[in-house]
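Order of writing sets the labels: A, B and C. Residues in every chain begin at 1.
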Amino acid sequence: MAETGRLKAPASAGGWSALPLKRRVLLLRVAIIVTLVVVWEAVAASGLLFRDVVPSLVSVGKAMVSILTVADHKVQLFGAEHVIPDFYRHLWVTIGEVMTGLAIGGFAGLTVGLLLGANPFLSAAFERFLYYLGPAPKIIFFPLMIMWFGVGPGSKVAMGTISCFFPVVLSAASGVRQIDKVLIRVGRSFRVNTWQMVTKIYLPAMRQPIINGVRLGLGVAVIGTLLAETKLSNQGIGFLIINSYTTFDMPRMYALLMLLFVVSIAANALVGRASRA
Amino acid sequence: MSAEPLLVVDNIVKRFETPEGTLTAVEGISFNVAPGEFVAVIGPSGCGKSTLFNIIGGLLDEYEGQVSVAGETLRGPHPSIGMIFQEESTFPWRTVIDNVAFPLEIAGMAKAERLEKARHFVELVGLDGFERRYPSELSGGMRQRVSMARTLASQPKILLMDEPFAALDEQTRLLLGDKVLQIQQDLKQTTLLITHNLTEAVQLSDRILVMTYRPGRTKRMVEIKLPRPRSSEIVGSDAFGHYVAQIWSDLREEASKGLKDDEARRGGARRA
Amino acid sequence: MTTGAATRRRLVWQQLVPIAFGVACLIAVIALLEVLIRAGVINRFIVPTPLDIAGSFGRLIREEHVGERFLLTCYEALGASLLLTVFGIAFGVLLHRLRLVRLATETWIAAMASAPLVLMYPLFLVIFGRSALTIIMMGFVSALPPVILKTLEGLSSTRPVLINVGRSFKLTPSQLYWKILFPSALPTIFVGVRLGMIFALINIVGVEFLINFGGLGQLVNELSERYDLPGTYAAICFVILVSVVFFVVTERIEKWLRPGA
């Protein structure tokens, strides 16, 4: 077993390299953020791009606070009438659409994926189609979704569904194939029925590929649903974003985009945390 | 017999800091290698021979003692030392001939000239006809031969090898051992071989340094007085068996120390 | 010996049968649709008959300048891919060299890779206007993170023994980079570039559709707003065809770039 070392650099007298690594990383991150903020404000104040294309971060901050806290929408909750910021209603709608799409597309993808993975003939017949359809942009199917499911949430859920179906089905199919064959033989030797085989052997053995597929599916479902909302909708975060574009309320658009990114990154991190649990 | 040793290893001590405390890998290793000599260093797992390999190769520093090549103290990898590693080390993106020509390319040799030279070394290791192949098309043994040819192409004064045949089966080993013998005899290549394989060590070397288990010290230096030129046929001879038996009893003693140490550590960890 | 030939023939047959079955199923579904729509079971104003759709292809090519649109989309995809490759690899190399910057920013880039960056298209519309530049920039930005990350991954996962070979031959740091680290990382880097190019194409066509500007994506949008149903379906088929071809071509290139893998 070869141990390889490094020829150490001469230790400098002190200063920067004397700080522990974590501290240095933190300082650099702060420095990067500060630089970005300064550059942003400079561009905003300079008037280089025309009015408000890059608004001052202060106005973006104000818009964000207003979105999150100004109560301007009546809602029926737990039997009484409350007034909450409109943003949360739209967020709720979007989350509902995404979750529903993920559930349907995920479930369908998992079922079809299990079938394809377990049956080499079906896999050879059909998996190629799904593999090559995967990278096609799904948003162009949106006009069809509107025709089939109407202009309401149905078409958005449909978008989310077809977006996430493909990554899930492909992950599930390859997930089944990578199961150690001996585990399947163990199941057969105990004469388990199909349902038991799937729930007690296939699924637990496929945990990692499924989680990866769901993670990817979540990402594309969010994109598909939100884009659909920007195209044709009167509710949802996507709608709010395109609405701020048409009313040229740029601080609001920036605020919404930032909130969107924070939420989606957090959701992804949560799934990632759960996958490691 | 030339007087000046080419490689002088003088009282090497290397310690590592680990979470469990200071680990002394090697302690007080000293030996010389004369020009044209083939010396093997043998020891049980954990005796620090790979550490020694990396120190002499200039890949490790912060040790006590000194290594000198032709009178020059070592400061990083020495241009006169050619290393052959245990792991798979051919460049998968280069053909055999381009792999072997690599050191010549680095040295700035013109293309036609270096390909010509490289071809010579490809032939030397017996891979003529495979120049345009990629390593992925070759067997493990053939790939190690490519690595060997590549190092030989840089014409090092000292060839330093770390268990180059570890990943190969016994028969391939013996045959490659033959190849190495033949090359070493043809080129009068000064060689230092680190190995745990006793048969290999006795087959190839003029002298064998037997190391103790950690901390690695010199247990014994054995002179192998088998006639040269040799071939793998020698493995069956009586003299061969005699050397193997002699060194084996040393090795066994050190190896069992290693085994006991291992068990103690694992048992202790469980109890802790 | 006939057994060898017979075995080979059997294997080829074994491979062809499922594929033929799959294709046959597809044709059967299309035929079924044709029947059901004609019978009125499926509303023909929601799903036009497959024959009508097929008939629209010719019309589209003649009247809707499909060729030009295809070229425009290609040009946008090429522009985005070029930017991706240059900046993605450059940043990846930079981050690999500067360890501290890498430690500070790698998780941020990974986070961006999972964020719905394409939702910024209204913002890009404002900044760059309704133009091909918006589309190119959108494709570039949304696909950049995976290229950077894969480049970083490729460079960092160079086998230590190869680096040691370089050190034993006393390579300068620059030589080490160009002759060992980079060639070793190239397969992974190309995987990243390919991934980026695919994301870029998806987002480019998507944004063309959404902002009603550009090549093929815009065609789908326009036809749907005109309620030209067969045309819309045909245009969608076109886009799928283009994306499949693109995917296959990049797959072939990837295989060709890895002779030693």
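In this text, a contact is a pair of C-beta atoms (placed from the backbone, for glycine too) under 8 Å apart; a residue touches a chain by one contact, two chains touch by 3 or more.
Values in this document were obtained by computation on a predicted structure and should not be read as measured data.
Engineer: Just the chain pair, please, that has the highest number of C-beta contacts.
Structural biologist: Per-pair contact counts point to A-C as the maximum.
Engineer: Centre-to-centre on C-alpha atoms, which chain is most distant from chain C?
Structural biologist: Most distant chain from chain C: B.
Engineer: Report the chain ID whose CA centroid sits closest to the centroid of the full protein CA set.
Structural biologist: When every chain is reduced to its C-alpha mean, the one closest to the whole-protein mean is C.
Engineer: Can you check how far apart chain A and chain B are, centre to centre, with Cα atoms defining each centre and the answer in Å?
Structural biologist: Once rounded, the distance between the two centres reads 53 Å.
Engineer: So how far apart, in whole Å, are chain A and chain C when each is placed at the average of its C-alpha atoms?
Structural biologist: 19
Engineer: Would you mind pulling out the distance in Å between where the CA atoms of chain B average out and where those of chain C do?
Structural biologist: About 49 Å, centre to centre.
Engineer: Going by the contact rule already set, what residues in chain A reach two or more other chains?
Structural biologist: 2, 4, in rising order.
Engineer: Give the residues of chain B touching no fewer than two other chains, as numbers and ranges.
Structural biologist: In chain B, the residues touching two or more other chains are 59, 76, 85, 87.
Engineer: Out of chain C, which residues touch more than one other chain, so two or more?
Structural biologist: Chain C, residues with two or more chain partners: 161, 164.
Engineer: Over in the complex, which chain C residues touch chain A? Could you list them?
Structural biologist: For this pair, the touching residues of chain C are 15, 18-19, 21-22, 25-26, 46, 100-101, 103-105, 111, 114-116, 118-123, 125-127, 160-161, 163-164, 198, 201-203, 205-206, 209-210, 217, 220-221, 224, 229, 232-233, 235-236, 239-240, 243-244, 246-248.
Engineer: Give the list of chain C residues in touch with chain B in this complex.
Structural biologist: 159, 161-162, 164-165, 167-171, 175, 179-180, 183-184, 186, 259-261
Engineer: Chain C touches which residues of chain B in the complex?
Structural biologist: 57-59, 76-77, 79, 81-83, 85, 87-89, 91-94, 102-103, 106, 134-136, 147, 154
Engineer: Taking the complex as given, what residues does chain A use to touch chain C?
Structural biologist: By the definition above, chain A touches chain C via 2, 4, 21, 24-25, 28-29, 32, 49, 53, 121-126, 128-129, 132-133, 135-137, 139-144, 147-148, 215, 219, 222-223, 226-227, 230-231, 238, 241-242, 244-245, 248, 250, 253-254, 257, 260-261, 264-265, 268-269.
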